[in-house]
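Each chain carries a letter (A, B, C, D and E) given by its place in the written order, and its residues are counted from 1.
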Amino acid sequence: MSVGKEFTKGLYAENPVFKQALGLCPTLAVSNSVRNAVGMGLAMTFVLVLSNIIVSLIRRFVPRKIRIPIYIVVIATFVTIVDLVMAGFAPDLHKALGIFVPLIVVNCIILGRAEAFAGRNSVFRSLLDGLGMGFGFSLALFVLAFIREILGDGRLYGFPLLGPGFEPMLIMILPPGAFLTIGLLMGLMNWLDKRRCS
Amino acid sequence: MELRLFARRSFRGGVHPPENKSLTEHKPIEILPPPAMVVIPVQQHIGAPGKPIVQVGDTVRVGDRLTEPGGYVSVPVHASISGTVKAIEPRPHPLGTSVLSIVIEGDGQDQWSPEVQEDPNWQQLTAEEIRDRIQMAGLAGMGGAAFPTHVKLSPPPNKPIDTFILNGAECEPYLTADHRLMLEYSEEIVRGMAIMLRILRPKRAIIAIEDNKMDAVRVMREAAGKEGLNCEVVALPVKYPQGAEKQLIKALTGREVPRGGLPMDVGCLVQNVGTARAVYHAVQKRRPVVDRVVTVTGRGVAEPKNVLVRIGSSFAYVLEHCGGLRDGAARVLMGGPMMGIAQFTLDVPVVKGTSGIVVLSQEEVRERREAACIRCGRCVDACPMGLMPTAIYHLVKHKRFDEAQEYGVLDCIECGSCAYVCPAGLPLVHAMKFGKLEVSKRMRAAS
Amino acid sequence: MELKTLLIISVSAIFINNFIFSRFLGLCPYIGVSKALDSAVGMGMAVIFVMTLASSVAWVVDHFLLEPTTSNLFYHLLRLKTPPDLVFLKTIAFILVIASLVQFVEMVIQKTSPALYKALGIYLPLITTNCAILGVTLLNLDMGLNFIGSVVQGFTSGLGFTLALVLMASIRERLELADVPRPMRGIPIAFIMAGLMAIAFLGFSGLKIR
Amino acid sequence: MKDVLRMAWILGVVTVLAAAVLGAVNHVAKPRIEEQRRLALEQALLSALPKADPRAIVPVYEGDEIVYYKGYAQPDTTGLVGYAFVARGAGYSSEIETLVGVDTTGQIIGLKILREVETPGLGTKIEEVRYGEKDPWFQRQFIGKRARQLAVDKDGGEIVSVTGATISSRAVTNSIRKGLEELEKRLGGFSKTAQQVSD
Amino acid sequence: MEDKLWKVSTSPHLSDRESIPRIMWLVAASLAPAGIGAVYFFGARAAWTIFLAVASAIATEAAIQKLRGKPITVHDGSAFVTGLLLAYNLPAEVPFWIPIIGSAFAIALGKQIFGGLGYNPMNPALLGRAFLLASWPTHMTIFRTPPRGGTISGIDVETGATPLNLLKQAQDVLHQAKVAPGEVPAQKISEAMMHISKLYESYGNLFWGKVGGCLGETSVFLLLIGAAFLLYKRYIDLRIPVGYIGSVALLTWAFGGSEGLFTGNPLFHVLAGGLVLGAFFMATDMVTSPITPRGKWIFGIGCGVITVIIRLIGGYPEGVSYSILLMNLTVPLLDRYTKPAIFGARKR
């Protein structure tokens, strides 16, 4: 696979959220505003890239049997770093994301990439894979948040967009809105994929 | 919801289709002349087919045996006209398949076999001899199911029969053959019943008739009294499928035949009135089954009537004697409209189980505009077997036969109540039949 | 803890703040293991079991190892001057606790009850990465619950998860027979269904036990 | 067995390494996090006591617990401008925490909602800032009011509740009134006239 | 006789007259009295709202079926009924786009996305209403138009609320007074008590429909006319409404009072709000209710229990819609575990 593909596959073709249905909890939970979505996306990408790099670096020294616990420790370390840094420098975002920052540890995307990719590929490729997946995740989050914030709040990134006459559709920023939006988006993508194939 | 407070004797579920019996219920049985040709399938019963003992070119008389029973659960067939065997070949059977049949061309003489004559000593016969006579006379249930009568009359010793039921319910719409039979041949029926009671010696004997035939109730009560028969004649509230064995037993005795079981498992035995008369003929008159009463009716028939016809007469022949078909005749059925089988040709013969030939007009035929099931539950309410037809339908449709079996597809009696009430016009019975077939195929493959 | 408080925690965890419909925790198994009722029940039981256990063990770990209080074991063992504040290690500590707990439970069940192992066994490995488990331990910490409160919240959150999972599985089994548009089949329709279920669960919001 | 020991050893090393890294990061981040917390509180206190000097808002303890703050106009803690306290009340779906500032006579001079997780679009309107305005309209109503005026309109008071969110509105209003009354008890009564503050 | 091949088909060859369009249109007809009542009580605005909801439901159904290349079946009346029921669950003065969006949601995401009629797991009209309530709560909870022909001694005009709303508000005030003695002015307490007693005496208003509320839910009398017709036609099964209304009556009697057990006012709770509309016309929706007799009992009682929980301790004054939606979710389980006994399977 070309190096460029290693990066771009995460954006659409193997998008972790839309195509693999992974990392759903934070995707739905923090996509009620674009601000939260961007923050979460960056945090995820950071952890993904760094854990991919470390896992790829140490892949030859780790005994097979305990690789998973070691991956988890590596991931948890980076997650805690993100958690601490965010608490120190972006307290509002930290408050808004709540327990979903520490929960990055159990995000199946990260462990999944470590196990399926970084544990078997070179550092450079793992880095690209991490970046691609991280951006893919962020993109999915952004698309969801974009739709939900505009419809549910009439605003985008906190700025009023649709004017005072628009009556926001509150359900979009409530839990049901998250489920319905991602369901419809996934259906739409399946439909588009099929149309492109035929 | 059923208002159960007032229903005295009944079973769960069931439907009330329009009866349409008035077309023929007052018409006395008309005896049709023997046709010029008959086609007699070697198998007109449930069980092993018989083996032909005649050859092409043989001459036969009425009542001559044409086949050897193919086993214990098998009965022979007999010539119903006198003449020459023209062919022994597969011919269309009203059950929809091709069956080996013996074709006889009539000589117009209507000569009867000398063996067909009253036996003055019939009362001395042992039970074994009576059963033998019944088998060799070719008796198979005349209600439509056509199960060999002698087998039914031989319950295993561990399952004694304590209740004998004579089935005169005739719950199918349109059909009046049993009704007329009871009115016109009550003595013969009662005599046949007495013979069966003699073999079985049950504690209780019941003649069951739906209460839309109160005249028959009266006549049968009288006949039974005259014969000195110790039996009850019970009038049951009209409800389809009252005449189905399990439902009839439930309504009369409150007993439920266990799943996969037979009436004898609850000490009951049910015989149709037509069968009772045939038993009388077979045992006392030594006359095999060569004819039967058939209701020819429906809005597609010019002159609906009840006729006594020779077995093997073609539907076309019978219909011709009923004034032919009207314009707009759309379906020809053997049996009633609820369980009858649609025929694609009129060349099929009348067989022992042919209780009626019903020709429906276009307006009467159920339109099958299939829609989606709206889960209205009418089929669940209607099912006399306590099944969930819609659930089974969906499972069969998606080929999930294991689950269909769990939902009891094998318990279906194909009475058609569910499809009758289905507002979505779903082919529920069709799905049931298919499901039963597949499930039993799998069970056979598994064992 | 007062019985009423525990009741409030339970009702909240099962209905009002249901892990699936309100907190968005445990969605991957919710979507992944809700295709058939039998496996949903198995998964649900496993989650209830592990969640309750994890809640109690995590509370012990937090209380005796991480919190800067006088009950901190490091404070006593290392004879420190002030209790150390190790709360920043909560994520790594909890995830290790859960991972080893799941391993341990798997081993114990395998040894003691083959039948239970057969029923739960295949779901246990999936549970380590079920964010509902880590989620509930972190929530217990955030809400400052004591030991009993944590255990009750762990158990009832598992119940709430199982309720959502079992309802979903039973509905998805029926949707198998439905004429769902092709692109919507599978995961998309499961999400739509989850959204509609979440709408119904809005009915519980604002429930107050007085 | 040797294998197991080796693995345990590796795992142990990795964990200790990770803990060490985190310890280091925590060492750097912790002061910053505490600073952030302090800043947030200070900001809230300033909006509750707008005329106080940021350096001269001092907590008053009762045991280990801060029960209220005193705010002074001058950095040398002279010129008392008022008191601030945290009011807590059970809202629709969360506990609502409000920091409230009053002058020495018990009249509310400022407030800031610290925490609420109410229904988005309904309960959260207690923090709604209308288009073109600067402060939340619901909270603005409290300025200048005293304890006895504090009740939502439905309970016969002067606070107009948020449409469709009576419970949230009531929680804020009642918790503030209760806090005020408690403060009054602690102080042994508010003074009759306001302190003159020289600007 | 001509020699032709006859058409064959499987038995039975007869069917009764029922068909899905017939059932749907007759259900719509049974809802007509309540609709006429709505226009009488709330004015032409009600007719407009009903029209928009129905038109939007039909248009959405037709559009989606066309998009999917499926036969368009709007003539079967099911979309009409959905639109009608949704409109009946709206306040009279909602903006015009509320019924339009609500119906579109109900049909698109409540029904067609599952394949259309027969496959939807939850009641589309109620989903539409719950969706609107979550999206635009203020529009959905303001009842400004007083019904023609009087109100409950005027108290619902000044506050513009439904009887259940008033009851909840009054009970809130009393509860407030109980937990914080002395804080609520005595005049407010006596006013709340007066409201409650007035509400509890308003059976006549509640029965005939002279109360505030959603368009189609107010007149118990007109709803019962339709329900009687449906029962006569056997389109609805008594088990669900009896289980539902019975459990609501029992539970509100037991727990609805303020002076201990069995001091509540069951009749008020049965007549007020959308219970009669819900119990006879929405909980009985064939597609989304259990098919088995025992399942129907459990379903009805479950609806009653949840309704009472929401009414007495929930965040909403009325719980009918949510309770039915929640019980809809249990239907596959109920059907599965309450299969009727197959003939002969019972132990003798």
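Please note the rule applied: a residue touches a chain if its C-beta (ideal position, glycine included) is under 8 Å from a C-beta of that chain, and two chains touch if they have at least 3 such contacts.
From a predicted model like this one, the values you see are computed outputs, not experimental measurements.
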Labels of chains that are neighbours to subunit B and to subunit D: C, E
Show me the overlap between the contact partners of subunit A and those of subunit E. C, D
Treat each pair of touching chains as one step and give the shortest count from subunit C to subunit E. 1
Central chain of the complex, centres being mean CA coordinates: E
Per the definition at the top, count C-beta pairs in contact and tell me whether C-D or D-E has more. D-E
Report, in whole Å, the distance between the mean C-alpha point of subunit B and the mean C-alpha point of subunit C. 63
Subunit B and subunit E: spacing of chain centres that average the CA atoms, whole Å: 50
Using mean CA coordinates as chain centres, what's the gap between subunit A and subunit B in Å? 70
Subunit A-subunit C separation of Cα centroids, rounded to whole Å: 22
Residue numbers in subunit D touching two or more further chains are 15, 18, 22, 26, 30, 92, 119, 121-122, 167
Which parts of subunit E, given as residue numbers and ranges, touch two or more other chains? 109, 115-116, 119, 131, 134, 137, 315
If I count partner chains per residue in subunit C, which residues reach a count of at least 2? 88-89, 92, 96, 177, 179, 181, 184, 189, 192, 195-196, 199, 202, 205-206
Each pair of chains that touch: what are they? A-C, A-D, A-E, B-C, B-E, C-D, C-E, D-E
Quick check on the complex: what are the subunit A residues that touch subunit C? 21-26, 28-29, 68-69, 72-73, 76-77, 79-80, 83-84, 98-99, 102-103, 105-108, 111, 171, 174-180, 182-184, 186-188, 190-191, 194
Which residues of subunit C touch subunit A once you look at their complex with the stated criterion? 21-28, 31-32, 88-92, 95-96, 99, 128-131, 133-135, 138-139, 142, 181-184, 187-192, 194-196, 198-199, 202
Enumerate the contact residues on subunit D facing subunit E in the complex. 92, 121-122, 151, 154-156, 163-164, 166-167, 170, 174, 177-178
Once bound in the complex, which stretches of subunit D touch subunit A? 3, 6-7, 10-11, 14-15, 18, 21-22, 25-26, 29-30, 32-33, 35-37, 40, 119-122, 131
What does subunit A use to touch subunit D in their complex? 32, 62-63, 65-66, 69-70, 73-74, 76-77, 80-81, 84-85, 87-89, 91, 152, 160, 164, 168, 170, 173-174
